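Pasting a structure here, questions to come.
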Amino acid sequence: MIFITRRETFNAAHRLFRPEWDDEKNLQVFGKCSNPNWHGHNYVLYVTVKGDVDPKTGFLINLKDLSKILNENVVEKLDHKNMNLEVDFMENRMSSTENLAIGIWEQIEKPIRDLGAVLHCVKVYETEKNYVEYFG
Amino acid sequence: MIFITRRETFNAAHRLFRPEWDDEKNLQVFGKCSNPNWHGHNYVLYVTVKGDVDPKTGFLINLKDLSKILNENVVEKLDHKNMNLEVDFMENRMSSTENLAIGIWEQIEKPIRDLGAVLHCVKVYETEKNYVEYFG
Amino acid sequence: MIFITRRETFNAAHRLFRPEWDDEKNLQVFGKCSNPNWHGHNYVLYVTVKGDVDPKTGFLINLKDLSKILNENVVEKLDHKNMNLEVDFMENRMSSTENLAIGIWEQIEKPIRDLGAVLHCVKVYETEKNYVEYFG
Amino acid sequence: MIFITRRETFNAAHRLFRPEWDDEKNLQVFGKCSNPNWHGHNYVLYVTVKGDVDPKTGFLINLKDLSKILNENVVEKLDHKNMNLEVDFMENRMSSTENLAIGIWEQIEKPIRDLGAVLHCVKVYETEKNYVEYFG
Amino acid sequence: MIFITRRETFNAAHRLFRPEWDDEKNLQVFGKCSNPNWHGHNYVLYVTVKGDVDPKTGFLINLKDLSKILNENVVEKLDHKNMNLEVDFMENRMSSTENLAIGIWEQIEKPIRDLGAVLHCVKVYETEKNYVEYFG
Amino acid sequence: MIFITRRETFNAAHRLFRPEWDDEKNLQVFGKCSNPNWHGHNYVLYVTVKGDVDPKTGFLINLKDLSKILNENVVEKLDHKNMNLEVDFMENRMSSTENLAIGIWEQIEKPIRDLGAVLHCVKVYETEKNYVEYFG
């Protein structure tokens, strides 16, 4: 078994807040991330898949196919978008990096399985100082 | 003469569009950056100042003082903010990286001069693939 | 279960040597790291914690709280310090990156548990060419 | 148990193709990587070993010894070489990053064991956008 | 006047040698770079252009247009290619990073001028340890 | 005219303080950098030289020769050393990054001229957040 990882990038606006909490409570829990006028990030995504090497190609998976899955299911839906308002798989979820990683996993797990590989890890950097990893 | 550079980071939401243009024209010129629901970036700022070395301290400028100027005049105004709606020095300006660099220059030129140094360059990365430099 | 990682930095002086060995033996084993006049590094620390996502906040842990733990228990004790002479949790230990990672683990394991999360990994870069990971 | 990782770099030319396939099939599967005139990369290698800390030295392994193993068995054989034509351990193997990671593992597993440590992971970056990990 | 920089990447095989010199002389001058079986690099290109900001768009130049020029005139000609054998603008030139930077300048100076901007600098990284800058 | 840059790294201990000032004054000016027990950094050095391309080699300068100059005159004198106590060209100078850049310039200007090139810039990173540039 071997692991291969692909890096993609996208940027998006978002806001962390709970409508049933007042502004003070939102500010206390989410700090500057609760700004009602939004803020945003350059997200960096690393997707790791695992499986066996095909002796004919030397590939676990063709990276062109993996990149196509990531672009169609993740990057095109998130890039230059508002994560709270425009991303179907983030509806009814706080737009934290944790939930974003879980949402991305759910989007790509089946397409990667259909390619004959197994999704191992979704890793998302929100800033250069923090990232989340989800293993399903 | 010597040059010293300080790196700071902030993130913000923004949108590129002209209200007098229709959506089609905005989309044609600004592409995904015209999204009405905003998007955002992790901006990276490098500020370079120049001057002579003080033989007593070995410093051109005390970096604590430079960092304080950058935080009070730039980072606190931009970090986790909407650049189009909430940043005084970006009012009535397209929120392009070019204008952001010029705006930052105007904010910090005098405070740096008051410290006894000369502002040399404001460099702003919008993404890892593009940055702007302004020399006044 | 999900994993979140925070990056912090500090710099410190240190020296690798054993007092019961002579200089030649110290030099042979530790090379330039045994220099009696010290040397130093910009250390980079990555701390990974694991746990469940709180559906209210979308957070595994509030990063402000994690950062506070890391600053109070690690960064303030090490930053701009001499690791051999001034850091309580490194007393009676060779100041290798391996021991530093173990020492940091011991400092932060309980405070992170008190926050409701589980410490997963302490990763320390001594230089850009080598790092240590400790999982408890 | 603790883990330590060493980073090394090398660059090499290679080509992905199968002689029994015609050019069209090679192009379809391997894309630009099948160019008959070769292309090349700056590879980045991370080797992770695991074991216990020697209380005398504070080391899991002396990094000078690990670096020597990596240079003699990997870097000198690959650096500024043609991976398809000149690297003994890549003979009769597609020169994919997957096979390169496996080949490197086979070269260094025993020398690292002879040093008293256990090889844990070979990680190879082909470009900044993709890397492979092999755990044996 | 303002400066904007775009980053692009490509990889290529090459070799440094002079046919009128024997192998020994080539090896003495060019070291491992003279390997007759080629080697290769992941090149990183930074192109800086200068000009005035258009008050309508806030842009010096539309980065989509600059990126298109770089891809058509540089990346497509070099990426996954052999620089000595397949790149028209490197014919009859040693494939050093110096000559590559000059060659790239000659390819893009006019298209950038046609866009209304002025080419300021071509910067090429051959490895993470060395880069060349050419200002025309 | 063309410019080529070489990157080298070294680490060292140092301290910023003036013996004629008391501890309080040193702390006020130099902050944590005045710690009497030293601290240290992983310094990163970029040296840029300029000149004409030799049509025979395609080189401005042979990077092996430049690297040799940097290692003999800078890296070997500073690496794993105490900058205040053990580095001849830093004697009687505050060990600030500004003075370090000037000191390195003085060490390498003549050897580079003897090679037929002209030293253009010495750039020194003390941490990832600040660097100094000196142009003579």
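Chains here go by letter, A, B, C, D, E and F, matching the order in which they are written, and residues are numbered from 1 within each.
One rule holds in what follows: contacts are C-beta pairs under 8 Å (C-beta built on N, C-alpha and C of every residue); 3 or more make two chains touch, one makes a residue touch a chain.
Please read these numbers as outputs of a predicted model, since none were measured by experiment.
Novice: Starting at chain C, what is the smallest number of hops through touching chains needed to reach chain D?
Specialist: When the steps are counted carefully, the minimum from chain C to chain D is 1.
Novice: How many steps does it take, at the fewest, to get from chain B to chain E if each step moves to a chain that touches the one before?
Specialist: 1
Novice: Specify, for the interface formed by the sequence copies chain E and chain F, whether it is same or different in terms of residue numbers shared by both sides, with half as the dividing line.
Specialist: Under half of the interface numbering overlaps between copies: different.
Novice: Which chain has its C-alpha centroid at the greatest distance from the C-alpha centroid of chain E?
Specialist: Of all chains, C has its centre farthest from that of chain E.
Novice: Pick out the pair in A-B, B-E or D-E whose interface repeats that of C-D, meaning over half of the contact pairs match by residue number.
Specialist: Checked against C-D: the matching pair is B-E.
Novice: Return the chain pair with more inter-chain C-beta contacts, choosing between A-C and A-B.
Specialist: Between A-C and A-B, the larger count of C-beta pairs in contact belongs to A-B.
Novice: Which whole number of Å gives the spacing of the CA centres of chain C and chain E?
Specialist: Centre separation, chain C to chain E: 41 Å.
Novice: In whole angstrom, what separates the CA-based centres of chain A and chain D?
Specialist: Once rounded, the distance between the two centres reads 29 Å.
Novice: Could you grab the centroid distance between chain A and chain E? Build each centroid from C-alpha atoms only and quote it in angstrom.
Specialist: 34
Novice: Touching two or more other chains, which residues of chain F qualify?
Specialist: In chain F, residues 31, 128 touch at least two other chains, as defined above.
Novice: Show me, using the given definition of touch, all chain pairs that touch one another.
Specialist: A-B, A-C, A-D, B-E, B-F, C-D, C-F, D-E, E-F
Novice: Sort out for me which residues of chain E touch chain D in the complex.
Specialist: 9, 11-14, 31-33, 35, 37-42, 79-82, 85-86, 127-128
Novice: Give the list of chain C residues in touch with chain A in this complex.
Specialist: Residues in contact with chain A: 1-8, 48, 53, 56-60, 62-64.
Novice: With touch defined as at the start, can you tell me which chain F residues reach chain B in the complex?
Specialist: Touching chain B: residues 16, 18, 29-31, 93-99, 101-102, 128-135 of chain F.
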